[in-house]
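Going in written order, the chains are labelled A, B, C, D and E, and every chain counts its residues from 1.
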Amino acid sequence: MFNITTVLTPEIALAVLSLSLLAIGLLIPAGARKGMMPLTVFSLMGVLGYTLYDFFYGPEAAFLGGLYMHDQFAVYFKILFLAAALLVVLSSGGYVQKLPKHRGEFYSLLLMATLGMMLMAGAGELITMYVGLELMTISFYILVAYLAEDARSSEAGVKYLILGATSSAILLYGISLIYGLTGSTELLEIASKLSGNLTPASLLATVFILAGLGFKISLVPFHLWSPDIYEGAPTPVTAFLAIASKAAAFAVLIRVYLLTMNSQTFSATGQTLLFVLAAITMIVGNLIAIPQTNIKRLLAFSSIAQAGYLMVGIIAGGISGIKGVIFYAMIYVFANMGAFAVATLVAEKQGSSEIKDLAGFWHRSPLATVVMTASLLSLAGIPPLAGFVGKFYLFSAAMDQGNVAIAYIGFVMSMISVYYYLSVVKVMFLAEGDGLPEVPVHGAMKFTMVFTMLITIAIGLYPTPLAKMAIAAAQSLF
Amino acid sequence: MTALPTVSSMSMLLPFTLLAPLAAMLLIVFLPKEETKTIKIVAAMGMLVSLVLSLYAFLNYQWEPGGMQYTLTIPWIPDLGVNLALGVDGLSLPMLLLTNLIGFASIYASWNIDKRVKEFFVLLLILIAGVMGTFIARDLFIFFLFYEIVVIPIYIMVIIWGSTKRVTKEYAAMKLTIYLLIGSAFLLVGMVALYLAAGANGNPTFMFDQLSARQDLYSPAFQKVAFALMIVGFGSLISMFPFHSWSPDGYAGAPTAVSMIHAGVLKKIGGYGLIRLGIYVLPVGASFWAPYIATLAVISVLYAAFIALAQKDLKYVVGYSSVSHMGYVIIAVAALNPTAATGAVGMMFAHGVMAALFFSMIGFIYEKTHTRNIADLGGLAHQMPRLAIGFMIAGMASLGLPGTVNFITEFTIFMGVINVLPVHAILGIAGIIFTAVYILRTIANVLFGPRRAEWDHLTDIRGPELVPLVIFGFVIFFAGIFPNVLLGMIDSGVTSSGLAKVLETVSQAKIGGLF
Amino acid sequence: MFKEMHDLFQWAWLIPFLPFLSFLIIAFVTKRSKRLSSTISILAILSSLSLAVAIGLGVIQSGEKIVEHPAIVNVNWLNIVGLQIDFGTIVDPLSAMMLFVVTLVASMVQIYSLGYMHGDEGFSRYYAYQSLFASSMLGMVLATNLLQLFIFWELVGLCSYLLIGFWFFKVSAREAAKKAFITTRVGDFGLLLGMLFLYVKFGTLDFVALSAAMNTNIQDVAVIGTAGYVTVMAFLVFMGPVGKSGQFPLHVWLPDAMEGPTPVSALIHAATMVVAGVYLVARMFFLFDHADPMALQFIAGLGAFTAIFAASIAIAQDDIKRILAYSTLSQLGYMMFALGVGSLTASMFHLMTHAFFKALMFLGAGSVIYAMHHKQDIWEMGGLWKKMPITGTTFFIGVLAISGVPPFAGFWSKDEILAHALHNGHPIIYGVGLFTAFLTAFYMSRLFFVVFMGPEKKENHPHESPWSMTIPLMILAFFSVFGGFVALPEHNFAFFIHYGTFHHEPIAWGLAGISVVAGLLGIGLAYATYIKKAISAEKVAAQYSGIYKLLKNKYYVDELYLWLIHHIMDGLAKILYWFDIYIVDGVVNGLALITRGSGRVLRRTNTGQLQTYAMVFFFAVVIIFMVFAFGEGQLSALNPLATLGGVK
Amino acid sequence: MIGNFSVGLSTYLLVGAMLFCIGLYGVFAKRNIIAVLMSIELMLNAVNINFIAFNRFIWNEKIGVNYLLTGHVAALFVIVVAAAEVAVGLALIITIYRNRQSTDVDDLNWLKW
Amino acid sequence: MGTIVFFIFAILSIAAAWMVVTSKNIVHSALYLALSFSGVAVLYILMNADFLAAVQLLIYTAAVSLMVIFAVMLTLRGDICESNTENKSWFAGALVSGLLFVVIGLVVFTNADWRVLAAPWTSGGSAEDFSLLLLTRYMIPFEAAAVLLTVALVGAVILAKGVNESK
């Protein structure tokens, strides 16, 4: 038997940390609040270290009667969220410093969102999952609208709130139907009860849940919110939203899909449908990204497309497919984080996120340019960067299941995506940035950039350790 | 693999060859960017090391046992079955040498670069190393990895140091990049399919020889589809009609060094891949598609030769000419016999040297006159006799003049092809007439004719600028006069790698020919 | 004795190698020093000449043995699966004769050039080219197999190209060089094909082996297919000589080639390179012999046609070098039809004599041009005999030789050709040949009379050329006078150079008389017209203005080709380029445009209206549900899409 | 207790569905953001009806106190979350009103395309 | 009796909901919302969920509605009678939501698979059981909900306070 607190240590630590940050914000006068960011960073590092230890050596268990899972899958995702949070915090130091107010609360809310994600990843039951999801989402509502004086930020917040609430309403409706059909909200039990025939009600429930989660992972046609919100939100928040929130939704989707949808007899049709959705997601995301002029919006569409790639792995299913998904989700963190770190830097120094404001970036900030290029190319799946291996896992898993068409679409679309990624690269390298300021990179930001790039390259060159982790995580699900 | 102990003791030769330019690159990264001279010298030193090592590999290669030598195998991604497997045989060694020759010369062809020197050489060295990697890889995954590595540096180099003529350099760069990447997307599908099919026995692998040994796992239908994907991928790389349209624009937009490397070696990855992967691993698919490829190849030859006639820009002439010449390589591949395969690899080598020389000379012309428009040039032999010699050598090699390596390789190709695909061969050989027409026209209009006063201020190429001319001129004639050094090596590769055996089995039904 | 001779013949490779060495030395070392360069080059070619003479004497001494068993040295050159090629030297009477002719003429020309090219900017370059040419030509002569021959064949083509375009600043020279290369390329295309087919069928390109293989396998359909195959190969191989030796319709380049320096014209475009085609046919004679008789008939017909065709053009030309060029064409036609009628001996004999007297006349013409400060129109000259006695005399010897006046060299060879034509049953060809002989005599005398006789032109201040130029003239004149005597039975030219079984034929003096008469008639007519003015050339020209114009414009062949090139080839090129840019590339750009365009259209779905988003969201939910609920069958029908491509 | 009546599960569900769709209509059609927020509350309420109705009418093999009240628990959490959402939502509306002087959904169109 | 009560309150809450979305006056809408919530609370009672009914009344009817009204007051401009109009695409919205209703309705009616009890349970489900459940089985979401509320609290303060007042 294990001690519940050891298993829940990361969650508890995060909750404590975020609440203490709030308290510090209240207790210490505004002028003296210097150490909030380092405190956050080091605490997160500690938690991350513990979680890593937990991944390899921790017990594997479902406790509270299967309501909360502590398997390697969950821990893997916790690592992912913590890493993402850590990187966002590191890269947002300067940005937050420029906020007029409520700087400490920013980190606090970020950590609360992370906590929500962890709950989502660990949830073995729909209510817990829902609460975790809402914890994350509500934190994000606030974070998205954090620039209270910026109308765009507020607009993004309102849009996100209304659409997010609507989508969680339909998710809840689906959960309620599932509950009605099975009498339970526990995934394992749902799976055993739903394994029979497809009924209209179970179908409706499935579609509703799919829509609710599809919203979070911005699956086309549930994606429409994401570009607007990504554009309007403060850049670090956009980063976190694009990386972690999506990954969390995927964690849930994998569990739900594996345990409910996949066990039904409608899997053939369902697979075809997911297949079509994934294909549309890849196509639409990549195509709309092409004419974008705002870097955040571009990355939004790019991340829509990435969701499509990830869906491919879910469709493929099996250990190899899931391994592909979670492997890709992890490298996606670093690739996207690199890009967003640069976007944050630009937003911080130039107050803009238009692509044209990256002009002459090569002269103004060579490091950031290199990082941006590497990150974008990793997103595009160009070797030797990590994205290539990730895509290889995903699509080879799909092809192994006979889904060759999706592989064609995926590979071709990812090459098309190079077009708009390179457009950004072109502006940075080619355009003359006359009159634009120098953009030096220092401290935590520099660390973030170098670190993400190194990880991106390292995983691309030697993916084995991460692949092993991903396999272990995937196996823990089956 | 029957690597002899004496040979495998040199397994670090290839990694060093590969790493030398990368080491130079790293060194350059840490040099201040004002030190342009030092940067150039470091780059040249790095390539020199690499060149010497590959020359050593070439000369020290044991023809007798043949097969892969200097092998090195390190398990790399165990769950995918990827090995960091390096090695060269008679097919890849000439290409490796070619890469280093062109790489080394391209440094000197870029000697006069004065804009963002540091970045230029960093990217150039990455590019060269990437190309080198594709040729020494024994593992499909590694092969593909290296191939895709080079795409992006090229893009950046074209947009920064390229030139805008008929089309803008941005357009040219993007077209080149996206075209090749989309081609490689199909290739990737084929590669994954192949990998999965070969891994059906539960032992996944990417090694070329093992993929080839698992013939029984590929159904004929599978082979056909997979080979079709290879054609799209490698065909667009080698600029086979109708996938060629990136190539003239791309070369025209690119800076000299990139044109040299791209036309000289990068393009050859397509042909090399078709042989190494297409024919070797998927012989049944290859024999199914061979007639179609051959037809497309012949169209490439004649079509591009004709279009080259209508060109006004020097680089376009050479661009289309390389499309045309690559047609011969593809015909040879489609002929599916050892002679033609030898000729194909030889032709790739020969064309590489020739194209690199051509592009370097055009680069100097452009650098000095700031125009590549044939009508604006003329009589350059007056002011720049040495450049004119280089240009002439390239032109003569291009039209397959005996004594140059291009002739004998073309001849080998024709020899291999004519028995199997006589009609294609005849049409292809007719291409040499048109090649002569456009090459001689170009030479006449650029080099000869009355002296033009506006070029009187030009200085002839000298010093470092002469390196490409010397190297390529020497190689062109040396290998042309002693072709066995090159073709014998390739021949040993064709026979010892098992390719000849594969070809024998697939082409048995085809012997008979026209008469 | 033979053993020693063989040792001598082993050194034959030095003959081409020495000039090649000189080429390398000049190109890389002594380029800057004109005197040194020319000295090296001349030394090299003289050494080659002496070696050639030695080998020639050796061949004569060896006698029958060398005729039956040529001295061959081979080294492996290329050895791969499906292609084994050797490089080597073959010494037999044929090659020995060619070696002598080539080295002699080349030496004369190089010495001559000392004077003629004096002061030229590219003097060293000129000698480098000359050396390279000599080396290539000699290499070709010594080739033991067809591929080796082809390689040197192309190299002499290259040298021809370089030397025609030697004064590359002249647009006309540059164009002529290009034309020469491309035109011969057309012929090479056939030769290359023929070579490939030969190798495919016989597995070798070695002359000896090939000949043996043909002799043994010619009846064996299983090995070489039908007899027509050999004929096809014969025709293909013959395409090469058509281009190289300026046979109709690929003759157009040769007159233009006169843009090169005159010594070059003498060496390359009169004496040596252009006869390479003839030499090739002679070497490959067994092929033509085994082919359908039609092949040889064709060669004979084409040769005869070219002979009379070119001769007729020569009548109406005004440029001294062009007249000589057409004369060369005509004589090449002679040699060709000699082969066609089956007389290898006569053809080779004529090749040799022609080399002497045509080189002589070209060099003489060069001397004239040198004296006239690069004027070439014969009507601007006149009465040069007095000012340039040596040139005039030697030139006159040349005229007599080419006109077939005994005992000059041309008489013997021309007579032998005509005799063989009639003897071997080609009366029409004989008639054409005879008429051509008449025309030849006429236009050559016309040239001579107009240039050297008649009144002097005041504006000219000619003077005799320097010794370096006149001595070669005299040497060549010597050979033009006495070169024909080798045909006399006691010298036994025919014994050494023949095809098939040798049987001695006496000289047919009757026929010889007829051709001498034809020649004299021609000279007489020219004398009457241009010296005595008994016949007004202008009046004749006016009367037959159509024909005159046709002749003057060389039957408009050039115009036809130009039209073809400019309208058909370039037109096609432009059309294809258009196609490439707008169709092939258009598809690519179109796809890119569609991609970008659809991106631009699709982005409008993001209206910014959150209620629209919500509506889309729920509508999609409903649709997905509907598809699931009602479209299950249809959706499953989509499943093949999932396995599109059938890879798995 | 009121107990003992004949209104079935479907009826409750229908009420829930109606409320849900009315709320949805409100989300689609109202211009005032506050009204939209209210409509969302209606939707969440509808879901709660579902949960409670199911809790009331269905059974589970594992009868026991742990499993009896799942629906109620869910409903409670939904209420909590909804309240939190409303709080944040209204604060957001105030922010946007401060920035734009408007609460009209149609005006929220700066971010598009 | 129960049936009648059910129908009265069901219709009441639905009608009130309808008025929420159709009323042109935002204040009216807010009041109707409270009414609708109350009606639903009664339905809860009908379904033996007394505790939840109380919660519903407290949180929704009281707190939420009150907050909404506050917000309305804070943001109201112009004519109050035109404060809550429909947008241009309301008809499409009606169609989509109608469609969804049809779908859900059809599913609800056609589905025979609800695990309906033979006889409704009457015991258990007290507030006591409920609280026990929350603190044991649903401990994690319960704690998370606490954090959630904190977040909402902090967030509402941060957002509503804005920047300007802080100076």
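Everything below uses one rule, namely that contacts are C-beta pairs under 8 Å (C-beta built on N, C-alpha and C of every residue); 3 or more make two chains touch, one makes a residue touch a chain.
Please read these numbers as outputs of a predicted model, since none were measured by experiment.
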Could you run down the chains that neighbour subunit C and subunit D together? A, E
Measuring centre to centre with C-alpha atoms, which chain is farthest from subunit B? E
Ranked by contact pairs, first place goes to D-E
One chain's C-alpha mean falls closest to the whole-protein C-alpha mean, and that chain is B
Most remote chain relative to subunit A, going by C-alpha centroids? C
Rounded Å distance, subunit A centre to subunit B centre (Cα mean): 42
Using mean CA coordinates as chain centres, what's the gap between subunit C and subunit E in Å? 100
Measuring from the mean C-alpha position of subunit B to the mean C-alpha position of subunit E, what distance in angstrom results? 70
Subunit B to subunit C: how many Å between their CA centres? 35
Residues in subunit B with touches to at least two other chains are numbered 178, 189, 193, 196
For subunit A, what residues touch not just one other chain but two or more? 65, 127, 130-131, 134, 138, 141-142, 145, 148-149, 157-159, 162, 166, 180, 183, 200, 203-204, 227-228, 399-400, 404, 408, 416, 419
Got the subunit C residues that touch at least 2 other chains? 603, 606, 608, 610-612, 614-615, 618, 621, 625, 645-648
Touching pairs - complete list by chain label: A-B, A-C, A-D, A-E, B-C, C-D, C-E, D-E
Residues of subunit E that touch subunit C when the two form their complex: 87, 89, 92-93, 96-97, 99-100, 103
How about subunit A: which of its residues touch subunit D in the complex? 65, 126-127, 130-131, 134, 138, 141-142, 145, 148-152, 154-159, 161-162, 165-166, 168-169, 172-173, 175-177, 179-180, 183-185, 227-229, 231-232
Residues of subunit C defined as touching subunit B within the complex: 76-83, 147, 150-155, 158, 165, 168-171, 173-175, 177-178, 181-182, 185-186, 188-189, 192-193, 196-197, 199-201, 225-226, 229, 569-570, 572-574, 576-577, 580, 584-585, 587-588, 592, 645-648
Report the residues of subunit E in contact with subunit D in the complex, numbered from low to high. 1-3, 5-7, 10, 13-14, 17-18, 20-21, 26, 29-30, 33, 36-37, 40, 43-49, 51-52, 55-56, 59-60, 63-64, 67-68, 70-72, 74-75, 77, 83-87, 89-90, 92-94, 96-98, 100-101, 104-105, 108-109, 114-118, 120-122, 124-125, 129-130, 132-134, 137-138, 141, 145, 148-149, 151-153, 155-160, 162, 164
In their complex, what parts of subunit E are in touch with subunit A? 103-104, 106-108, 110-111, 113-115, 136-141, 143-145, 147-148, 150-152, 154-155, 158-159, 161-164, 166
